[in-house]
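My questions all concern the structure below.
By letter and in written order, the chains are A, B, C and D; residue numbering begins at 1 in each of them.
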Amino acid sequence: MIKVGILGAAGYTGGELIRLLLNHPEVEIVFANSESNAGNKIYDVHEGLIGETELEFSSEMPFDKVDVVYFCFGHGKSEAFLKEHTIPANVKIIDLAQDFRIKGNHDYVYGLPEIHHDEIAKCQHLANPGCFATCIQEGLLPLAKAGLLTKDIAVNAITGSTGAGQKPGATTHFSWRNNNFSVYKLFNHQHIHEICQTLNELRPEGTPRVIDTLEEGYDKEGITVDFIPYRGDFARGIFCTEVVTLNEAKTAEEIATLYKDFFKGAAFTHYSDKALDLKQVVNTNKALVHTEVFGRKVVVTSMIDNLLKGAVGQAVQNMNIMFGIDETAGLKLKASAF
Amino acid sequence: MIKVGILGAAGYTGGELIRLLLNHPEVEIVFANSESNAGNKIYDVHEGLIGETELEFSSEMPFDKVDVVYFCFGHGKSEAFLKEHTIPANVKIIDLAQDFRIKGNHDYVYGLPEIHHDEIAKCQHLANPGCFATCIQEGLLPLAKAGLLTKDIAVNAITGSTGAGQKPGATTHFSWRNNNFSVYKLFNHQHIHEICQTLNELRPEGTPRVIDTLEEGYDKEGITVDFIPYRGDFARGIFCTEVVTLNEAKTAEEIATLYKDFFKGAAFTHYSDKALDLKQVVNTNKALVHTEVFGRKVVVTSMIDNLLKGAVGQAVQNMNIMFGIDETAGLKLKASAF
Amino acid sequence: MIKVGILGAAGYTGGELIRLLLNHPEVEIVFANSESNAGNKIYDVHEGLIGETELEFSSEMPFDKVDVVYFCFGHGKSEAFLKEHTIPANVKIIDLAQDFRIKGNHDYVYGLPEIHHDEIAKCQHLANPGCFATCIQEGLLPLAKAGLLTKDIAVNAITGSTGAGQKPGATTHFSWRNNNFSVYKLFNHQHIHEICQTLNELRPEGTPRVIDTLEEGYDKEGITVDFIPYRGDFARGIFCTEVVTLNEAKTAEEIATLYKDFFKGAAFTHYSDKALDLKQVVNTNKALVHTEVFGRKVVVTSMIDNLLKGAVGQAVQNMNIMFGIDETAGLKLKASAF
Amino acid sequence: MIKVGILGAAGYTGGELIRLLLNHPEVEIVFANSESNAGNKIYDVHEGLIGETELEFSSEMPFDKVDVVYFCFGHGKSEAFLKEHTIPANVKIIDLAQDFRIKGNHDYVYGLPEIHHDEIAKCQHLANPGCFATCIQEGLLPLAKAGLLTKDIAVNAITGSTGAGQKPGATTHFSWRNNNFSVYKLFNHQHIHEICQTLNELRPEGTPRVIDTLEEGYDKEGITVDFIPYRGDFARGIFCTEVVTLNEAKTAEEIATLYKDFFKGAAFTHYSDKALDLKQVVNTNKALVHTEVFGRKVVVTSMIDNLLKGAVGQAVQNMNIMFGIDETAGLKLKASAF
């Protein structure tokens, strides 16, 4: 049994992680830390869990009793936490925040299993990808690897409200969001960083680099990811379209084959010959991808559940890989479907 | 032109009132007071109003320049406000809070036009009924007047999220409320006060009194209004059922006739021979009522838009009556329908 | 491995059953019958299943190769089917329709595990309870058993749209149902039959019988179940309130204890000390129940997922009991929660 | 009073038109034709209208008694109807279908008031623009007029379910569409025709032409409108983004000024300095537009209510212009806002 500790256990991702791990056949939750909820039953906060566990939130963090720790903090707090606390070297860390996603002065592996399976298997510290970043990358990876990204990429991605977290605010107020639609962080979403990092990592030599427009602006030489995030009026899921203009036209079959080959071994990412809709992935760890071709333009649709493949589902998938067990353990989830 | 001042103009009811009054043919908004928004355009807060008005929120309250003032405060604040401010005797007041709905040491008339039309026409100060209270009363008034309320009344009422106001919180968080359902203030909703007051006012001598269970509990002799409020996953509207058990069975036709006769002259309340659905009233000032009969049981369905007939629509209707103009002025609203 | 055949596999319940059984550790799906879809992949109809199975719909019904057959037909078709087909005596049948729920000239056991566990374990043919019926019964069973049902019972139950099945129509049109609310089959829902049957079965001698008002009308001596079904604007779930008036008041604690004791051994039904909301059960096989007490009135809230505990989840639970395996096998489902 | 006849009065647009015209101060509805509903009350079909009118559907079409006829038929039926019926030359026609939107062997004026005001004022026959087409054009008109459209345009537009009409089907089934998201007619929506027609009409000489990709495919020289339509899980409204790449960068202020100047005289189209959300236009005849600038890229957001500015609201606006009355008559609508 893998012994697990959870930090930030009272938030949305903390709760969803607990929901997964309670049914994971090879996991035991040793502690679920939440200062403000210490002593309360888990199901007092994550209310649907009544009848499934009598576990309580803890103010303790007994790192010596666990094999792996999940950081379910808000962004920026993981790094801060590590400055103030020491986690034994033999304890693996899976960080759900964005603190270590960009390569730098740290040893965290960016955990996108479709391209980093071997590094994940060997790593001690893992940075779990962002939700938008996962969905958009799943849509672009095969084209990136094939060196077909040569012009600016139009990305439109609609997210459910759980992406905005637990804290109530104006744009998550039901009266406002219900039957509403809007954009935010237009061309300015922070996930552009990690998307660019991956696309540049995959691109063959001789193909144009992808510009991190958040760092460099829009005037440099290279390809831009023109990413418009939308707030959808649903709770779970991310639905993306990615429009890529090729240098030379390819047939729909060629593109489909490229995608199928790329995702052949993937545990949760599947190519569909038919058009897709979001609820096919909601409440699962799947990513689904479909393509259509118009002249030199490839239109990709990709979709995930933002809390699962876009957060804790992928984190558990990464844990499974890190501990060398079945990649799908604990992740055979019934889609809610409706 | 009726000159209007609005206090609490930045909240949900304040905004909805402004939306109505901008199109009211006989009204001029003189001031829309909001301390915290003073100097901002109305459409900066009530955003959809761009293009309709350049009016700004004001920190002033020039009562000498208006004919009527609307109190769009939270409950309890109207009375407090009046202790600290003096409003000239010739200025009418329409209070949307519950402060003066129960008869007492004040001269406010409870403004339910279907039964108080004449008093409203003559009054200087008006207490506008609550949203649930309006909807439930519309369903029960004909039976109450006819002395047919003789046993406990089962009331179930589902409200949209706008009933909970503008301040975001756990039960108005989109991620929680979307596709969810729950009850609150079970048998304990404060509108029971005003419903009881009306039912007792209408009941013929010799029929049992209605107990205000919030005051007296459930052990006294009399009829109780067993009211279960539900939180629905929509934004606007209240949908009620009221089940009344008669002493002796009546036919469906007798009950229908009773209702039709009662509402014959009503400007906005209509009896329907067919079953109804909530969206028939959403974004209108209508109340719609339908009845079915099973043995000695009468099942009433009644419905309103909580922000309109349940709040500012009825307030404007009352204003129209108070100023002797067409009762429907400014209230011929297109239902959103979808 | 339990070998399973599914008839009516292309409908809502058929699809949900397949979603469950694909992850059931002790089940193998031998055939999934659908004439009109024969030869198509399961995931062509139940689209979210891409990547989980390559199973195809079959026009065959090899009953000799299975241990159990699920009837996922529309109501009335199970009985008709059995007149035209012979199923070997050793093959168990689980019927999801209402054809055999009422006792009569057949050997089907009414499969409500909270009260019929032993009979289910021994039965060969099982009639799976209706969705509303399950939810309402869970709310009333402890009171019924204790002989506390002595007066008419007010039942209000709101259902999601999946309760209306796959065929599109006026009241399941998104444009109509979205943000809408309505009632239907007021006091006339067919599940009153099975609810009455159970309540009469449980009631101690000397307590009044429950009238099947659909058969006998509203004029007979006895207790009535005054059931108002509502159409909610969500897809999954049933949320009920049941108001019961006792002969003599009991404390909230006495009632809570009664419920806790009653459901002590139940695999999926839990009593909650706190108020509940629907999404705590959505996408799970749970039934959750909560009670509050006002004078002599007990207000129960009960809730289930209509497709799971209200249909195929309970059917699988029953299968597990019938085959003597862990009652929760294949039913440890992650709530969608949001 | 303008005397109006309505053909196809029982559909979504027919109903919405009636809702508008009942409150239009200068209109009298002479007949509302619907074969299948002849003799029924209007409110039997468009149910919310109870209490507003006793008008009945008619099987007659007395064209000699009206000043204008609205065609609320499905696409393709207007032309067919005119082959079989004669409408007097002095009766104006407003066609809501797409039959006469493309210039050809007919005298219908394409009724987009922001650019065709004078032609509309003089015309006898009017082709009312499509919903997507209106929304997208409002977003692009100022750039088109200024000759700034020189590269392929990325258009993403999300529509509510009412855009799919009254007939229930798989993608308007509530159980499917609720909390779902999908694309359809990707790069293939028929409104591309009318958008191209307008953009080419406005483009200054020397700038590249816009290709009608539905006619010519993706291989020709020129600009393409790469339009992805999405099905949103709301009932009313269209929300668009249009990304335009300029030859030379302009400042955000320059672009904002261009838009403000262009829409200065428009009765219902407004430029907003702030980001927008869809519900600002729902249940109104407004179009709202906002722009942001990144390097050489201009990102426009535009939004309308698909049934109003995208259909019958614009039709009434056009009627007002055609009859020389106040352009906003009957169209001062209260936004539903929530």
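Rule of thumb we're sticking to: a residue touches a chain if its C-beta (ideal position, glycine included) is under 8 Å from a C-beta of that chain, and two chains touch if they have at least 3 such contacts.
A quick note: this is a predicted structure, and the numbers were derived from the prediction, not measured.
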Completion exercise
Per the touch definition, the chains contacting both chain A and chain B are C, D
Problem - Chains touching both chain A and chain D, listed by label - result: B, C
Practice task
With centres defined as the mean of C-alpha atoms, identify the chain lying farthest from chain C.
Solution key: D
Problem - Pair with more cross-chain C-beta pairs in contact, given B-C and A-C - result: B-C
Fill in the blank from the handout: For the pair chain A and chain C, the C-alpha centroid-to-centroid distance in angstrom is 36
Handout entry: Inter-centroid spacing, chain D versus chain C (mean Cα positions, whole Å)
Key = 46
Completion exercise
So, in whole Å, the Cα centroid of chain B is separated from that of chain C by 39
Problem - Interface hub residues of chain C, defined as touching at least two other chains - result: 12, 160-162, 175-176, 178-179, 233-236, 276-277, 279, 282, 338
Completion exercise
chain A partner, complex, touching residues on chain C are 12, 15-16, 19-20, 23, 44, 46-51, 160-162, 178-179, 235-236, 268, 270, 272, 274, 276-277, 279-284, 286, 288, 307, 332-338
Practice task
Enumerate the contact residues on chain D facing chain C in the complex.
Solution key: 12, 160-162, 164, 166, 168-170, 172-179, 233-235
Exercise for the section: Show which residues of chain B lie in contact with chain C when the two form their complex. Expected result: 152, 154, 156, 158, 160, 175-176, 178-184, 186-187, 213, 217-219, 226, 228, 230, 232-237, 239, 241, 243, 245, 275-279, 282, 292, 294-297, 299, 301, 303, 338
